[in-house]
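Both of the next two complexes hold chain A, though its partner changes from chain B to chain C.
Entry: the complex of A and B
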């Protein structure tokens, strides 16, 4: 595919998501799908961050911590300080990025299972923090967060006040899709630029990478910070949509799912997390009828899938990448 | 002294084990200096300390008069002291060409943000790296494997790729750890020519190697280690006649030293 066709294809997909899907939903009256699809979009942003840490060769099972932190940062700023949600969104991301630099500096020296184990505890640590810190209101969480207000520039309304909309679900859906497109656009650019190659060099051999002059410590921290930034964005959006956040909003199980989304979609492909999240989310829902067997069937299917498709779902369609 | 690299009193202890003990010598610009010694003599440890992958317990390494011990490896590489690895260490899933292109990192004139936004300097850099990579590929005779995934290369070519990666960093001093290991006679002869050609480009070369005929053939000077200590230093001829060296090698009845 040439760059032009790729761009055209991407534009068509975005158009479909922004216009086609709402039209289909309006035609079928399945308004509930908005919440599902919005969740998929946001969860894939959060998983996209995990994917990037995989790309530098680190198994990250702690993304829930940053989603939780991002959610709380936004919720506190909106409720306690009356700051516009749209401003708290990037702030939530930046706070998470900053926190991840502090956490990452020591723990990113660890590799393999050691790094994975440490990150696994992060989500739990964040949950306990949310319970303990006064500003987060303990187990009761922060509730009745007002809907995002409007944004206007020179009298021009860029984003309408969500509280005045008759279908805020549609508005959240559109906002989430736009955010997802922006995030994955940036990730795509990152991975297909020289930075992506540098990340890959870290994944394959850190010693060799540093012998050719790559500052491996700073690249690791950078990738982790971007990853956590994405986690924070997603978490903040979730808090806004559900108008609430609790210590249990993102749990260790969520962190594991973010990682599974990446596995399932394919660790070689930037867009893998989107597909993986979609498949996992709907797969889980589809199995709802099976009742107590839901988790059993779900897990078995995952294991089989990973054995058959170690490079994820996207390896089905895309031919193996030749060099060049 | 006009040494480009000076090793003084370098000592490395691992617990009770002394891997390097008070090693001192100098490397002249543009020479090929080999470090030999029986297995476990401490050759790789010496190289790791010179490239600053390992911090010396005592002593120091100076490059162009500046102390480099204690700096992180990428900083030492930036100054121009670059090591290759004893094992065939490459970026496995990348193509040969991509391996060499990525190794041009040190020559980048723009930061990561520049590459992200694809600024003009970044695009010029990319083009220059690709040109230089192709030139190195031709120089090392890897032309047929240009787009091959690195892990598919035969052993001899893997070593060549390791050297190519080192060359791409444009080093002043290149440390080659057993570049001829696992090569047959013809491959070794070709590799020796490559090392000579690399030196002809103005690179100073430090070489660890067990292939004695090749070492004697290629080296300007040789440093011999045994049990972590320097036991001799001199021209190939001097080394071949040195009684300490003969004893050390007879002691392990390992290799003939090519007499």
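Entry: the complex of A and C
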């Protein structure tokens, strides 16, 4: 595929998501799908961050910590200081990136399961921190966060005030999809840039990369910071949509799910997290009618999937490699 | 102070036993068993059913817990982990499988036993009281059983033929295979043994703290903490990690009482600092 066709294909997909899906939903009247699709878009942004840490060869089960942090940063700024939500969105991402640099400097020296276990406990740390720190309002959480306000530049309304819209769900959907497209576009560019290739070399052999002059310490901190930035972004948006955030909004189970999304989509493809999130979230939702057996069927399906396709959904189209 | 130390030792013995199973599975197969906490819960519920519901002797219940979990562990290894490890391109894929198994076990436990907190009658009544120490007899008994289990596990690993084979396997899989160790068979035995340990602790602790279907995840996290403190894949490390965590929890609950529920926060922060100084834990091999 040439670059031009790729670009066209991507543009067609984006157009479908922004115009086609709302039209379909309007035609079928399934307004509840907006919330589901918005969640998929946001969760895939957060999972995209996890995917990037996989790309440098680290198993990250701590993304829930940064999603929670991002959500709280945005929620506190909006409710306590009255700052516009759209301004708090990048701030939340940046705070998470900063935090991840501080945390990442020591823990990124760990590898394999050690890193996985430390990041897993990180989620728990953030939950306990949210419970203990006074500004987060403890277990009661921060509730009734106002809907995002409008943004206008020179009298031109760029983003309307969500509270005045008759269908804020659609607005949230569009905003989340745009955010997702931006994030994954950036991720795609990053992976196919020089830095992306260096990240790949980190995944394969850190010592070798280091021996040919790659500053592995700074590259992996950079990748981790970007990853956490995405986590914070997604978390902040989530807090805005649900208009609330609690210490239990993102727990260890969520962190594990973010990781599963990446695995399921396949770790070699930038778009893997989107597909994985979509499959997992919709699978989970569809099974809702089965009641108590929901988790049973869901986890059995996951296990079967692992037995049949141990390398992720997107590995289907790959020709079978030797020994794979 | 003696009270705090006694509590720490008692907790530590339980924790060490949980961590031992996790570290054994990790050492043999390089699998991080997310379902370890769920195995603990299942063990607790088996004991609850046999000892608490049917009224049969506690020892029998404990043996049934051990047996059930050993079978579950062996089956999980043979039919789930082994094929996936053989076919997946990245070894991390086993983590997805382990997480899925954890979900599955959660679901099964929830359906079979419900979501209520369950307890059983005490195994021995009475409390040991001295000038500085108050300790119920059943806690002492459970602590002693746990320590005996740890000792017999270590002796088994050290002196039996199976133990020797498993240690060889943990050291170098290929070399062990070349020396004629049946890798598949001992991986299965190892996994079963690890699961068995989790089940036994579940059975022991149900007599004291009770059990409910939701505690599997938190128990797994605690087990991960202990393994990280001691170093993954090392038997001595797991025991050390268990006792250290038990002691920290006991001391923390006592010292940090007035600051509210921050013991685990402090433990986590200390762990981060510790791991940045010593990434492999106390006695772990480099890069697990």
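The rule is simple: the second predicted complex is superposed on the first by the 316 of 324 C-alpha atoms of A that agree within 3 Å, B and C clash if a C-alpha of one lies under 4 Å from a C-alpha of the other, contacts with A are read in each partner's own complex, and residues count from 1 in each chain.
By definition in this document, contacts are C-beta pairs under 8 Å (C-beta built on N, C-alpha and C of every residue); 3 or more make two chains touch, one makes a residue touch a chain.
Quantities reported herein were computed from a predicted structural model and do not represent experimental measurements.
Peer 1: Look at A:248 in the shared chain and tell me whether it touches chain B only, chain C only, both, or neither; answer first, second, both or neither.
Peer 2: After superposing on A, A:248 lies clear of both chain B and chain C.
Peer 1: Counting only touches as set out at the top, which of chain B and chain C does A:31 meet: first, second, both, neither?
Peer 2: Neither partner.
Peer 1: May I ask you to decide whether A:197 touches chain B, chain C, both, or neither, giving the answer as first, second, both or neither?
Peer 2: In the superposition, A:197 contacts chain B only.
Peer 1: Would you sort A:211 into first (chain B), second (chain C), both or neither based on which partner it touches?
Peer 2: A:211 contacts chain B only, not chain C.
Peer 1: Between chain B and chain C, which makes contact with more of the residues in chain A?
Peer 2: C
Peer 1: Touching A:132, do we find chain B (first), chain C (second), both, or neither?
Peer 2: A:132: touches chain C, not chain B.
Peer 1: Applying the touch criterion given at the start, work out whether A:290 contacts chain B, chain C, both or neither, answering first, second, both or neither.
Peer 2: After superposition on chain A, A:290 lies in contact with neither partner.
Peer 1: After superposition on the shared chain, which partner residues are touched by A:189: those of chain B (first), chain C (second), both, or neither?
Peer 2: first
Peer 1: Which partner chains sit in contact with A:116 here, chain B, chain C, both or neither? Use first/second/both/neither.
Peer 2: So A:116 only meets chain C here.
Peer 1: Following superposition on chain A, which residues of chain A contact chain B and also contact chain C?
Peer 2: 324
Peer 1: Which residues of chain B touch chain A in their complex?
Peer 2: 51, 53, 72-74, 77-78, 82-85, 89-98, 101-103, 105-106, 108, 112, 115-116, 118, 122, 126, 147-149, 165-166, 168-169
Peer 1: Inside the complex, what are the residues of chain C that reach chain A?
Peer 2: Residue list for chain C touching chain A: 26, 32, 34, 80, 83-84, 87-90, 92-93, 95-97, 99-101, 103-104, 106-108, 110-111, 217, 221, 224-225, 227-228, 232, 260-262, 264-265, 268-269, 271-273, 275-276, 279-281, 284, 287-288.
Peer 1: Give the list of chain A residues in touch with chain C in this complex.
Peer 2: Spelled out, the residues of chain A in touch with chain C are 54, 59, 103, 105-107, 109-114, 116-118, 120-122, 124-125, 128-129, 131-132, 252-253, 256, 259-260, 263-264, 267, 292-296, 298-300, 302-303, 306-307, 310-311, 321, 324.
Peer 1: Going by the contact rule set out above, which residues of chain A touch chain B in the complex?
Peer 2: Checking each residue of chain A against chain B gives 189-190, 193-195, 197-198, 200-201, 204-205, 207-208, 210-217, 222, 322-324.
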